[in-house]
Amino acid sequence: MPTSRLEAFSDGVFAIAITILIFDIKAPTNTQHLLPALIALWPSYLAYVISFLLIGLLWANHHVMFEHITRADRLLMFFNTLLLLVVAFVPFATSVLAATLRNGAGENVAVALYGATRIVAGLLFIAIWSHANRGGLIDAGVTTPAIRRMTRHILFGPATYAIGAVIGYFLPIVGVVIYALLILLYWLPIPQRKRVGQKVGSR
Amino acid sequence: MPTSRLEAFSDGVFAIAITILIFDIKAPTNTQHLLPALIALWPSYLAYVISFLLIGLLWANHHVMFEHITRADRLLMFFNTLLLLVVAFVPFATSVLAATLRNGAGENVAVALYGATRIVAGLLFIAIWSHANRGGLIDAGVTTPAIRRMTRHILFGPATYAIGAVIGYFLPIVGVVIYALLILLYWLPIPQRKRVGQKVGSR
Amino acid sequence: MPTSRLEAFSDGVFAIAITILIFDIKAPTNTQHLLPALIALWPSYLAYVISFLLIGLLWANHHVMFEHITRADRLLMFFNTLLLLVVAFVPFATSVLAATLRNGAGENVAVALYGATRIVAGLLFIAIWSHANRGGLIDAGVTTPAIRRMTRHILFGPATYAIGAVIGYFLPIVGVVIYALLILLYWLPIPQRKRVGQKVGSR
Amino acid sequence: MPTSRLEAFSDGVFAIAITILIFDIKAPTNTQHLLPALIALWPSYLAYVISFLLIGLLWANHHVMFEHITRADRLLMFFNTLLLLVVAFVPFATSVLAATLRNGAGENVAVALYGATRIVAGLLFIAIWSHANRGGLIDAGVTTPAIRRMTRHILFGPATYAIGAVIGYFLPIVGVVIYALLILLYWLPIPQRKRVGQKVGSR
């Protein structure tokens, strides 16, 4: 099976999950003192920006990974569905995180839940990538070094987030800062991956 | 009429219906005792996972079926719209199921409603597939054995769910377990269907 | 400008508007007497089914119309955006209609609002189609009789709905029945339109 | 990397952000005096129409810009994600604006917030466009005058909105009128841009 409709369906889920993050920021019902009321929503804005960049990043990684994968089988579709299940769960984890930051209670559990969500997403990326490698679903034109770089990149994610989640359970604010830094770090243009993309991007 | 925009529109409805399942899991407003509050939401997580895999499965089946169907007429579009109507109804049936599991009341009706939703979806798959066969909308390259396998696969769904729904009305928990097992069974890679997909997948 | 991204964007709006109709059907919070509570929601189911078939129909008509139109200019995009604005308004009109049927009050205004929404959508179809004809945006391979049939089809919609809305203001239930019949009538396979589709569908 | 999936993902976010604007208009719960209750919602309709045309316009501009850009790198994807973050924020800014118009309090802050949202979106258009120019991501067939016209068009947006936001902070109603006029002005067919589109549109 070609991967085009799988990509279209996944794009849809990523796009919806990223856009519904805004539902967690509610307009103040009392608009008499609007500016302070808007400022008081800062935990929601913070959670919105972090999660938007996270889902955007997961989408970008999904996009790059599926430029290497050209065929899908039943198991790949199953792993991909599980990944989308976790992506669609991010708005809930975000909502919990924002609620604890607003309430000033429960941040450690919320930061750990958020990190765990990201780790499971990373494990599913690993599952998709290893299955595609074992099952011969990778494009024949992709070189072995390109596959190795992608593998390293995919393994790196869950490992770093696990550290952030453990630290975040004890020092929630530090955990949030680690997540934000990891997301920005991932977004920065990484020379070697760009080269991979260009090699494969000609399809 | 070619089926490309029909597939794109259907992909959109499937993607939205699957993603909005998360709306039924609400972040606890009191985050003082967050961990027990999160654990108490287990019926919502259970319903979320089952329905996510169900809609993902319906999407995958839709995808495979429309690899065989290459043209659409008015009646096919009508049946497809009815199928999407039922797919978009799944989040409601899921919400009802989760509410009864949380409340510990009304599970038998909720399990039967959930099964009925799945059965009606299955009947609409049958309607689309038989109409496509009668109306000459199937790709000329699809072999008769491939059509027979698809027909068997499509008939199998509603039959097994009907059993689950009847049992579930009397033993709700057993019904939920049957649904979960049926969904997993369907997701498992089935050798003969994969071969079908590869034959047709060359378009 | 080609129309492919315009169609993709429109497909997205149609798919979201049709799927969010389900949000108006809320799971009963008290599940002790679930079956009567579910049955009491009948006005919501009725409004859901009618509006799902209506938006599906508008999508199908949009699809057929844009098989004839091959290029887009700024004004066409503006008219198309206004049409999408009305399509996204349908869930609100549906919600109002269901509320009045549940409350047993205000049905005449709700039925008129619903019909007016459909009429404005129809007028925007006319605006898009006449602008495309005047502006030379129609595919060169479309024959004059095919254009005339499409024109007749497009003019027919608002005219019949106007009758339904006027009658519905005085006899709301009759108005709802007229809407339902008109939607079903439109969905039935109409021989001449099918032929148009096949001529053009070869692109 | 080609831009096709980036465009599909962006189309999805634009389509969802534009459609969920309708969630801010709630059906009256008391339908005894439905007509006055519906009329009392005029600030919500006004905000809905303005924001629908705004997001539609941003989508159209995104569409035209990406007809010039043929390749994406990591930084372009990052800027595009930030732009989508702002687009998905528009429903919140709209909801705040409608709330202040209904309450008759806080309009100046709401109008300034709305304008600021539009300005940030405009700055991100500038960031994407300059990065694409510097990074050699523009289609080789695009002429220098076409690039200059696009640059002027992109710079024009935030400048005019800044004026609207400043005036709107002191005279909120005038600010809303300025926004509405700017959006309509942008939607009007501009001869030179249409020509640009036709040159590039042949891809």
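For clarity, chains are labelled A, B, C and D in written order, and residue numbers in each chain start from 1.
Keep in mind that, in the parts below, a residue touches a chain if its C-beta (ideal position, glycine included) is under 8 Å from a C-beta of that chain, and two chains touch if they have at least 3 such contacts.
Just so it is clear, the model here is predicted, and its values are computed rather than measured.
**Student:** Are the two sides of the chain A and chain D contact the same residues or different ones, given that same means over half of the numbers occur on both copies?
**Tutor:** Different-residue interface.
**Student:** Since chain B and chain C share one sequence, what rotation angle in degrees maps the C-alpha trace of one onto the other, as a multiple of 5?
**Tutor:** 90
**Student:** Can you give the whole-Å distance between the Cα centres of chain C and chain D?
**Tutor:** The computed centroid separation for chain C versus chain D comes out at 26 Å.
**Student:** Could you give the separation in Å between the centres of chain B and chain D, each centre being the mean of its C-alpha atoms?
**Tutor:** Computed value for the inter-centroid distance: 36 Å.
**Student:** For chain C, jot down the residues that touch at least 2 other chains.
**Tutor:** 8, 12, 15-16, 20
**Student:** Over in the complex, which chain C residues touch chain B? Could you list them?
**Tutor:** So the residues of chain C in touch with chain B come to 7-8, 11-12, 14-16, 18-23, 25-35, 38, 48-49, 52-53, 56-57, 59-60, 63-64, 67, 187-190, 193-194, 197-198, 201.
**Student:** How about chain A: which of its residues touch chain B in the complex?
**Tutor:** 1-2, 5-6, 8-9, 12-13, 15-17, 20, 71, 73-75, 77-78, 81, 84-85, 88-89, 91-92, 95-96, 98-100, 103, 105-106, 109-110, 113
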